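Just so it is clear, A, B and C label the chains in written order, and each chain counts residues from 1 on its own.
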Amino acid sequence: MKRIIASLLLVVVLLTGVIGSLSSCDWIPGNKKPAADFVMPEGGYDGSEITIKFYHTMGAALTSILTDAISSFNELYPNITVEHQSYGNYDALLSQINTEITVGNQPSLAYCYPDHVATYNVAGAVQALDELVNSTIVEERADGTTETIGYSAEQRADFIEAYWNEGLSYGDGKMYSIALAKSTEVLYYNKTFFEQHNLTVPTTWDEMEAVCRQIKEIEPGCIPLGYDSEANWFITMCEQYNSPYTSATGDNFLFNNDTNRNFVKKFRQWYQERLVTTQELSGGYTSNLFTGNSSNATEGSEASKGTRCYMCIGSTGGATYQRPGNVNGVYDFQVGIAPIPQVDVNNPQVISQGPSLCVFKKDNPQEVLASWLFAKFLTTNIEYQARVSENNGYVPVMKSVQSDPTYMEFLAALDADGKENLTKNITAYAVRVAIEQAENCYTSPAFDGSSVARIQVGFLIQKCFTAEGSDVDALIKKAFEDCVGECNYQIGK
Amino acid sequence: MSEIKVMKQRDMQQVTAQQRVIKIVAKVITYIFLFTMALIVIFPFYWMIISSLKTLDEYRLSIPTLFPKFIDARNYIEVFQNKDLLLGKLFMNTLYVGLVSTILSLVITVLSAFAFARLEFKGRNALFGFLLATMMIPGELFTITNYQTVNAFGWMETFTVLIVPFLVSVFYIYLLRQNFLQIPNELYLAAKVDGTTDLKYLWKVMIPLSLPNLISITILKMMGAWNSYMWPRLVANDDAHRLITNGLRTAFTDASGNTDIPVQMAAVALVSLPLFLVFVFLRKYIMKGVSRSGIKG
Amino acid sequence: MANESVATKTYFWYEFRKKLSAFAKKIKFDQWKGWIYLSPAIVLILIFTVWPIFNTVRMSLLEGYTTMKEVNGAVFNFGIGNFKRVIDYPGFLTCLKNTVLLTVLTVPISTFLALLIAVCLNSIKLFSRALQTIFFLPYVTNSIAIGMVFAAMFKMIIGGQARPDSVGIVNNVLEALGFDYINWMNAGSEYWANIVVMTVYIVWNALPFKILILLGGLQSVNKQYYDAAKVDGTSRARVFGRITVPLLSPMIAYVVITGFIGGFKEYSSIVGVFGEGMGPVGNAYSLDTMVGFIYRAIGKQEGTASAAALILFAIIFVVTMINLYVSNKKTHY
């Protein structure tokens, strides 16, 4: 017993002694220098055999669309081999690349959120794209056609401006990522119910409150509105009020201000009056409340449906979950989709989510170039963009995709008999509304800690809505202060 | 005298009758207790099976159903129809990694446990204490360093990297050491007097006597290969080396990263089944072996 | 010259061998045997456990260390700033309290239950094989399923009326018994209710392994002791207290000690039930633990994470030493 303790103490002493000398050695793994910054080779891509590694999160359906896109790409660039691997979800992808960066094993190209790019950037691992995007060097392709390395003026104009700007949200004016496909939040509403009771679809938050109260009078037991994501709600409201949320430089977490505390206080009141709920607060998917899919009782009986929502704000990416059940093709109710309510209808702000692409620094400039050419191919290839959108309700980043005949057929949302059926083809319907909103998308600053802020403001809303006490203002103030404190602590400030 | 004898006999009879009642009541209570606990313990397994038989819509209900509205075998069909999944390859990879790492790990564990339980050498207790201490540091922090190490060894995307780093488990060495300590030391000393070598003694006496725990370790180690996904995903996420859980976790996700859990559950149930059957058979067979040879303690 | 040097060399080797054999005699072969048997384990542990621990200590002593910054060539000051940061964390005491509370609650309960089940299983003949198989089933159950069940048991679905749409299976049982239902884990739930949920979950999770180990131990116990007890007519309780527990004590010690070590590292079970917020909705991090804190800091502040890991190590170390001290006194080998 004594011996065990003695020897352990010895080990601890030894460890501390050795550590001091270790800290400066560069044979410690992790002390590898990052790859050099990219310098455009004269003459661009030289046609050499290049293998690029592409990490993404696609499931089986999207992977098969990607495989087809890679074959089309290889008809143009037969010497560029694209090896791709799926990591299933964004968190897994993030920790994978974070770990790989420590030994310089990172892929050539990856799916990303701007938050992730900011993290990789701490290690200086991401290639700024400005030189590539603007390059006018002309490439000969294997099918005899040519293209410039960067986007042509035509393509640049075709790229949805708001999506483009997301790649510039890193605080230093440089572009580190390029949008691939974007979803946005829309308001799903029960059209049948709205028509039955002569309700108007709200376009502002004031109208929203009025409609909620009307619905509450019609059916006191219901919760008129469900909002899927608390964090999206908070960030979107900051943008709509034009009130500070975060900053990529200087003091990062700016959201503790009067405007923000006031809207949180207002919505807290809504929540307590049961006008609104969220996924976390209700304990189940809000889409279930909307579709009446929350109960396990016998189908058909009205009482079995549980509490209902008649409006639901959620992503276009999950449109099919907002579709009610049907018996022989007859849906329980018709779904309507509208833009989310605004503070100021003349200055609409909606969130955009979904994958972007980032290119990593590599010692071989040809590899960077090849990755870029593939990234550019994916963003500009109409076939790929259209099929991804049809599959999951994301908006193509190029406006011209919208005039592609096959894609237009999808957007028409027709039944087999040629009639428009928006509830059945809800994905197409959601994309239509999202396309109208595309230029209204805001981007929030991306920095090492923007993902922390996102998570914490979600908790903040939950806390402010549910906290009990007589002095609501003091409660909310305390919660905001704690939240900023936690954010700063987590990023080491 | 005789009266007293008769009274005693009557007492004895009463006592035995009483004992018999107590015995029966005890048996009944034992069974009730065991069946209740069994019901609780088996619940997640039941949940996995019924989830694999639900439609996605039913699975997503806020209030889950305790029994599927209708049995839907489509999930199982979908698992087989998913041609990108390479189920056979995933299964063989996992089986290979599971078998090799289990066997190697058993050898290392038995040798180490034997050294700690029976051999006298300087520094034994200190070393054992040190090994125990390594268990006390949360291993989440080791991942990056170990990644760098295997990268320096050039082991990326090999089976070696899936097998070697986790061969030694202090947890199992400790378990087996405790088991070996249960076996009376006199046996060992007697064997030494007889001139039996250590290895022979280990093989003939120690291993048979601790078979139940060795089987437990085998089961846990095999299941480890079946369930591990963090490390394999990090170091060998290519088609040639991907393990089952990883394959299943990524195959059935949609664009937003939502998983089609019913299909995933069906896939999990399918790949767990052969493993389960093997273990039931193995356990039964070896238990028989133990009781036949008798514990000669 | 040449001859001389050869002679010196030969002499040197002669001396060396003599010393070596004397040394070998002194320590005996037995001394080496232990190390030889342990060598494969030691080599692997040095590479894959001790080396990472070295690195952990290094990171903990570099102030504000993050892996990403280091890759980019940042230089960090040597010092104890990270440890200070951990202790200064406003939620540090909450982490500590939850960690200790959950361990102290779950280890005795799960050990006792597992022991009871194992002894019962070992004492019956009818259904014994079927029941043993059932208690083994959790091993082939996917962890996602386990988390889901728990939600079904305790979670409420809050509706628009005064009453929730669903109150979970446990509350259904409570209601059937005439009690009011309890808010176990939703928004506004009380701390003790959360702790009850976590205790049940952790005990439940730990049970199958402990049963397996204790049953294995029981089956290794010499049956002659029991036969002797039968002849003597010893009562069941006495057999349990005087024979089963002492003979099983090495295994019980094992289950308790590893239980404590595992308990102090509790994290994933809380995330499994309560999500990344590690607390009921509206009260994030109220069930935070030491490893929960460490996990959040990985990928952002590895220096802080390492310091917290070493603080946790110190705590577990002291507790394990006490455990070992007690068990060495009580354990019968």
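Just so we're on the same page, a contact is a pair of C-beta atoms (placed from the backbone, for glycine too) under 8 Å apart; a residue touches a chain by one contact, two chains touch by 3 or more.
These figures come from a predicted structure and were not determined experimentally.
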{"item": "B-C or A-C, whichever has more C-beta pairs in contact", "value": "B-C"}
{"item": "Identity of the chain that, by mean CA position, is farthest from subunit B", "value": "A"}
{"item": "Centre-to-centre distance between subunit B and subunit A (centres being mean Cα positions), rounded to whole Å", "value": "40"}
{"item": "Mean-CA-position distance for subunit C and subunit B (Å)", "value": "16"}
{"item": "Geometric centre distance via CA averages, subunit C-subunit A, whole Å", "value": "37"}
{"item": "For subunit A, residues that touch 2 or more chains besides their own", "value": "1, 4-5, 8, 29-30, 102, 282-284, 294-295, 306"}
{"item": "Residues of subunit B engaged with two or more neighbouring chains", "value": "62-64, 133, 144-145, 149"}
{"item": "Junction residues of subunit C, two or more chains touched", "value": "53, 55, 67, 157, 165-166, 317"}
{"item": "Contact footprint of subunit A on subunit B as seen in their complex", "value": "57, 60-65, 82, 84-85, 123, 125-126, 128-130, 133, 143-145, 147-149, 151-152, 156, 233-234, 237-238, 249-259"}
{"item": "Of all residues in subunit C, those that touch subunit A in their complex", "value": "53-55, 57-58, 61-62, 64, 66-73, 76, 78, 89-90, 155-161, 165-166, 186-188, 276-277, 281-285, 296-297, 299-301, 304, 317, 321, 324-325, 328"}
{"item": "In the complex with subunit B, residue positions of subunit A that touch it", "value": "1, 3-8, 11, 29-30, 57-64, 85-90, 92, 96, 99-100, 102-103, 105, 183, 282-285, 288-289, 293-296, 306, 315, 317-318, 321, 325, 354, 388, 391-392, 394"}
{"item": "Partner subunit C, residues of subunit B touching it in the complex", "value": "26-27, 30-31, 33-35, 37-38, 40-45, 47-48, 51, 62-64, 66, 107-109, 111-112, 114-116, 119-122, 124, 127, 131-138, 140-142, 144-146, 149, 164-168, 170-171, 173-175, 178-179, 181-183, 185, 198, 209-210, 212-213, 215-216, 219-220, 223, 227, 261, 264-265, 268, 272, 275-276, 279-280, 283-284, 287, 290, 295, 297"}
{"item": "Contact footprint of subunit B on subunit C as seen in their complex", "value": "27, 30-35, 37-38, 40-42, 44-45, 47-53, 55-56, 59, 67, 113, 116-117, 120-121, 123-124, 127, 129, 131-146, 148-149, 151-152, 157, 165-166, 204, 207-209, 212-213, 215-217, 219-224, 236, 247, 250-251, 253-254, 257-258, 261, 264-265, 290-291, 294-295, 298, 302, 305-306, 309-310, 312-313, 316-317, 320, 333"}
